[in-house]
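Handing you a structure now.
The chains carry the letters A, B, C and D, assigned in the order they are written, with residues numbered from 1 in each.
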C-alpha cells in the first residue's frame, strides 16, 4: 500500500476537525436536536407538521407566552436553539446523525424519531453518549419491553393502545358483530396493529369472531384496486386499517369511488391525519382514531385552545396528532427541567421526568410505564358525522389509560393473550 | 520490496487506528461506517473490473449484518472472530447458490437480476415478525476471545476490527488485482471468446469473483452492524446497493484504496449535506455524482494518481 | 336406523351443495375480480413502462429519472385540476386540464434533460447511464419538493366523476375502465407510430443498430430527442392519470421505478409489445397473489422477474443477438 | 495409427438453411492443408464445429480417434486443436505485452493463483520472446486497440499457439492485410507453425498463398467438399476453377517442384 494512498484520508479528517471548533463557543443557548422526516413520503403527513409544531412551541417557550401553568422563558433559563435533522436514510444513517448532533453540534437533548426502526436503534446510542432523548411519535412497544434505558423517554403511549381500544370500541358499539377483515401496510406497524386488534377481539369475544381476509399491501403502494376487490369478495362487519398519511388518502379515494365505505363499517385507527384533506369523502359512521386524545378528541383546556388557534393561524391547517405528539414531547421536556430546578444536571432532569404527570395539549400525560420512562394516556374513538359541512363526532368513547395500556412491566402481546389482566375499565 | 510494503502496511494500520481514537467520537464513528462500506465497495469494484455491475450487493451486506445480529441477540455468541467467520460462511454459501444462475448474465441483465435477488431477501425479512420485520432489531456489544470491553471501549474494539479488516482485505485485494487471476477478470471483460479459447472457463472466473465479492459484502455488513448496533431489511433494499455502485464510481476502480476513499468522502459529503441543507441534501448528492461522472470518469482516485505521478516527476 | 341415517345424510349433502354453491359463487367472483384488477393494474403499469422501454430501446438508457417524470406529471396534473375546480368551471373539462398540464410539464422536463445533459453523454456504458439518470432522479426529487412543497395535492374530482358499475356483486370505478381504454389507445398509438409512420420506421432502425442508422443519414440526435420527449410525456401522463386516485405526496415517483423495471425486463428491454405483455403478467400475478395469498404479494413481482430472467434473459420479446466471430 | 483429426458426414443447418453437409475430412500430423471456397461455402462453419463453437446437427468429429462433439471450446483446445479468428479476438484495452502475459497465464500456467504477480521479470522475458518470434516485439507497449490489422492477426495467432496445439486452424489469417504484407505474414506464421510441427489448416482466398504454402487443398462449395487432394491437382481441376476460384489458373500438374516455378503471370490473375 503506497504511502500516498493514505494522503486523501488524512486530508478529509483535517477538513472535518476544522469545523468542530466553530460550534463550541455559543454555550449559553439550550441546543435542542429535532429529528423528523423532512423528505420522502412520511414528511407530508408527519415530518413537517411535527416540525411546525416544534417551531411554534419553541418560540412560545422562548417568549414565555405558553398559557399557565407553564411559566418562565426558555428551558433551564436558556433560549432554545432547534437543530433539525432529516430522519431519512434508515437506522444506520440515523445512529450516525445522532452522534453528529451530540458530538459535533453539542446538543443538550434530542426530541425525535417517527419510524419505529429508528426508535429501536437510537436508545442504546443515547445510553452510550448519556444524552437525554425524548421519542415523540414512534409506536412500537418493543422499546421499553426489550430494554430499559436511563436517558430515553417516550412522551406518548404505544400504538398497542390504539388497537386494543379499537377492539373494545367495536365490540361495544357494533351489534351482531360476527366477522372482521383488515387492510394494513406490509411492515412492522401494520403487522403489529392487526395482531393487537385481532388478539384483543378474540379475548373480548372469547374467540367468537371470524377473520374473512387480511390484506398487507406494500408500504406506499398507492394502488389498492385488488385489495379493495378482495375486501368486497369476502365482506365483513368491520374493516380495520392502520393506514396513515398518503396511503390513507389513496385508500379512501379508491374505496369511496367503489362504494366500499358505504357498504362496510370501517375503522381507521390513525385516520385523523386524513380528516382535513379528505373529510368530505368519509361517509358518516366511519370510526376514526387519533392515536390518543388529540385533534378533535383533545379535552377542553386553555393549552389546547391556544395550540389549536396558534397552529391554525400560523400554518393554515389545524394541528393533527403528529403535531400534538411533538408539542407534548417538547412541553414535557420543559416541565421536567422546571421541576428539576435551575442548572440541573441531565441526571437530575431524568429523575424529575421519571413518573412525572403533566398536562399536554391533549390532556393528562402520566409517565408511569417503562420504569417511569414510557407515557400512558387515554384513548378515544368516535364516529364521524357531518352537520352543515362541519366535521363532528358522535358515540365518542374515552378509554382510560389503565384500561387500554398494558401495566408496568408487562409484554403487550402476552398481556393481551393472557386476557388483559389488571385492565381497569369503568 | 516485500518487507518494505508490509512495514508500510502495519504502519498505515496503526496510523489509521490512532487517528480513529484521536478524532472526535462522531468522526471516528463515521470512519468505521465508511470502512464497512468501503469493504463492500471493494467487492463491487472487483466485479466492475470484470465488466459486471451488481445492483444487489445489498443482499450479502444484509446477510452479514443479520448474522451479526442473530448471533449476538439470539445465539448469545458475541465473539467478533466467530461472527466474522459465520458471516463470511453465510454470504459465500448464499452466493454459491445464487451465483450458479447469476454468473451466466452480463451487463444490464446481471444488474437487474442481482437487484431482484436482493429485493426477494428484503421481502423475506419484512415478512418475518421473529426478526422484527421492517423495525429490525438491535445488535449487542461484540467481544474478542473472551475479553468483553466496557461501554466506551467497545467502539474502540469495533474500530480496531474495522481497521484490521480494511488492512488485511485491502492488501489481499491489492495482491489479487496484480495477480494473474486479478487480470483474468479484465480479460473476461475485454473478450470472453478469447478467454474460452485460451482453455479456461469464463464461468469459473466470474463465479470465484462473485464469491469473493459476496464475502467482502458480508464482512462489510458485519462491521456496519457491530458499529451501528442495529440491523433492518433496509440494508437489502435496492437504494442501498445503488449507493455502493455510487461510491464505486465516485472513488474509481483503478486502485484498492479508491473504494475506501470513495466511501469516506461519500459519508462526509452526505453528513454535511444533511447539516447544511436538511431539505435538499439529495440534490447535493445527485449533482456531485453527475459532476464526477462527467469530469472524472475514472473516479476521484484518478486525481490522486495524477498528483502522485506529478509528485514523482 | 336407516331412516334416521337418511335424514342425516340428506342434510349433510344439502349442506355440501349449499356450501358448494356458496364456495362456487365466491370462487367465480374471485376469479372475475382477479382478472379485472389484474387488467386495470396492468394498464396502469403499461403506461408507465411504455415510455421507459421506448427510451431504452432507442437510446440504450434505462432511465431511473422516469420516476420523477411520473411524479412531475402527477404534481402538474393535480395542481392544475385543483386550481381548475376552485374556479368552479365545467367538471368534464378537468380531464383535458389534467392530461394537458402533465404533458406540458413532462415535455418541458424531457427537453431540458435531453438537450441539457444527456445529449453530451450518448454512447457511454449502459450501466454508467443508469447512474447518471439516478443522479438526475435525486436532483429532480428535491426540485419537485422545492416547487410543489410537501403538502399533498388532490385531483379526486375526475376519479368519482365517472361513477361506478356493479359486476357480479362487486362494484368497480369506471375511471379504472377508462384507464384500460386509455392504455390500449396508447398501445395502439405507439404500435401505429412505430410500424406505420416514417419516423416510426426510422426509430426502429435506430433501435436495431445506431451506427448503420447514422450511416444511412438518419438524423439520430433528432430521433433521440423525439424519443426522449415521447418517453417523458408518457411518464408524466402515467403520473397524471394516477393522481386522481391518490394524494400526490413526495416520493411517489420512487416507488414506481423498480416496478417499471420489472415489467420492462420481463417483456424484453426495448420492446413496447414486450412491455404490454410484461405489464399483463405482473398485473395478473399480483392480483392473484392479493386474492389468494396476500402475504406473498411483496415477492411475486421479483419472483416473476427472476423466473423470466432465468428462462429467457433477454426477456420474452427482445431478440437474442448471438455474437458473430 | 488413427488420423489426427477425422470428421465423418459432419452436418450443420440453421433452420431450413444447411450450412454444411457430408463433410468427411481426415488430417494427419504435419500436414498443411489450404481451404478454399467462396463466402458462405461453409468454411468458417466447419472450423466453428471442429473447435466446439457450433454444435453439429449430425456427424462425428474425432481427434486421435476420440470424439470431441459437444465439448466446450476450452476442452477442444486442451485436446490439442487451436484456432485463430477471421476477426482477431484480443483484449483491446490491454497492451500487447499484457495480452500475451494474460494468455500465457490462462493457457500455460493454468493455476489461477492469488499471489503470483502477472508482471514478474521472468514472465515478461518469456512474453517478449514470444512476441519476437512473431516479429511484433516492437509493439509490446502499445494498446491493442491502436494496432494495425497485420499486427492484430499475428498477436491473435501467437495467443492461439501458446497452448502448443497439435492441429492449428487458421481462419483467413491474411484477410484485411495489405497485399504486400500477405506473404510476409504467412512466412512468419508458417515458419513458427512448422517449428512446432503442428498440422495446419488455413482458409485463404489468394490462390498464390495457397499454392505457396499448402501441400493439400480442400475446396468447399455450397456447404459440401467439392475436391480434396494435392494443391496442384485440386487447383487445376476445371470444376474447382469454375465454381470456386472463378477464373482459369495456368498450373503444371505433377512437376516435382510445383511450388517455386509456376508464379502465375499478372494478366491472368485479374482477368
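Everything that follows uses one rule, which is that a residue touches a chain if its C-beta (ideal position, glycine included) is under 8 Å from a C-beta of that chain, and two chains touch if they have at least 3 such contacts.
Predicted, not measured: the structure shown is a model, and the values here were computed from it.
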Length of the shortest touching-chain route, subunit B through to subunit D: 1
Core chain by centroid distance, with centroids computed from Cα atoms only: B
Per Cα centroids, the chain farthest from subunit D: A
Subunit A and subunit C: spacing of chain centres that average the CA atoms, whole Å: 34
Centroid spacing, where centroids are CA-atom means, of subunit A and subunit D in whole angstrom: 76
Rounded Å distance, subunit C centre to subunit D centre (Cα mean): 53
Multi-chain contact residues (two or more partners), subunit D: 85, 89
Touching two or more other chains - residue numbers and ranges from subunit C: 141-142, 145, 295, 298, 325
Residues of subunit A whose C-beta touches two or more other chains: 39, 186
Residues of subunit A touching subunit C in the complex: 39-41, 43-45, 47-48, 186, 213-218, 220-223, 225-227, 229-230, 232-234, 245-246, 249-250, 253-254, 256-259, 277-278, 281
Contact set on subunit C toward subunit A in their complex: 26, 29-30, 33-34, 36-38, 40-41, 44, 141-142, 145, 150-152, 154, 156, 159-160, 164, 169-173, 175-176, 242, 244-247, 249-252, 255, 286-287, 290-291, 294-295, 297-298
Complex interface listing, subunit D residues touching subunit B: 51, 72-74, 77-78, 82-83, 85, 89-94, 98, 101-103, 105-107, 109-110, 112-119, 159-160, 162-163
Subunit A partner contacts - residues on subunit B that touch it in the complex: 5, 8-9, 12, 15-16, 19, 23-27, 29-31, 33, 126-127, 129, 132-138, 151-152, 155, 167, 170-171, 174, 224, 228-230, 232, 234-235, 240, 255-257, 260-261, 264-265, 267-268, 270-271, 274-275, 278-279, 281-282, 300, 304, 307-308, 311
Residues on subunit B engaged by subunit D in the complex (per definition of touch): 172, 175-176, 178-184, 186-187, 190-191, 193-201, 205, 208
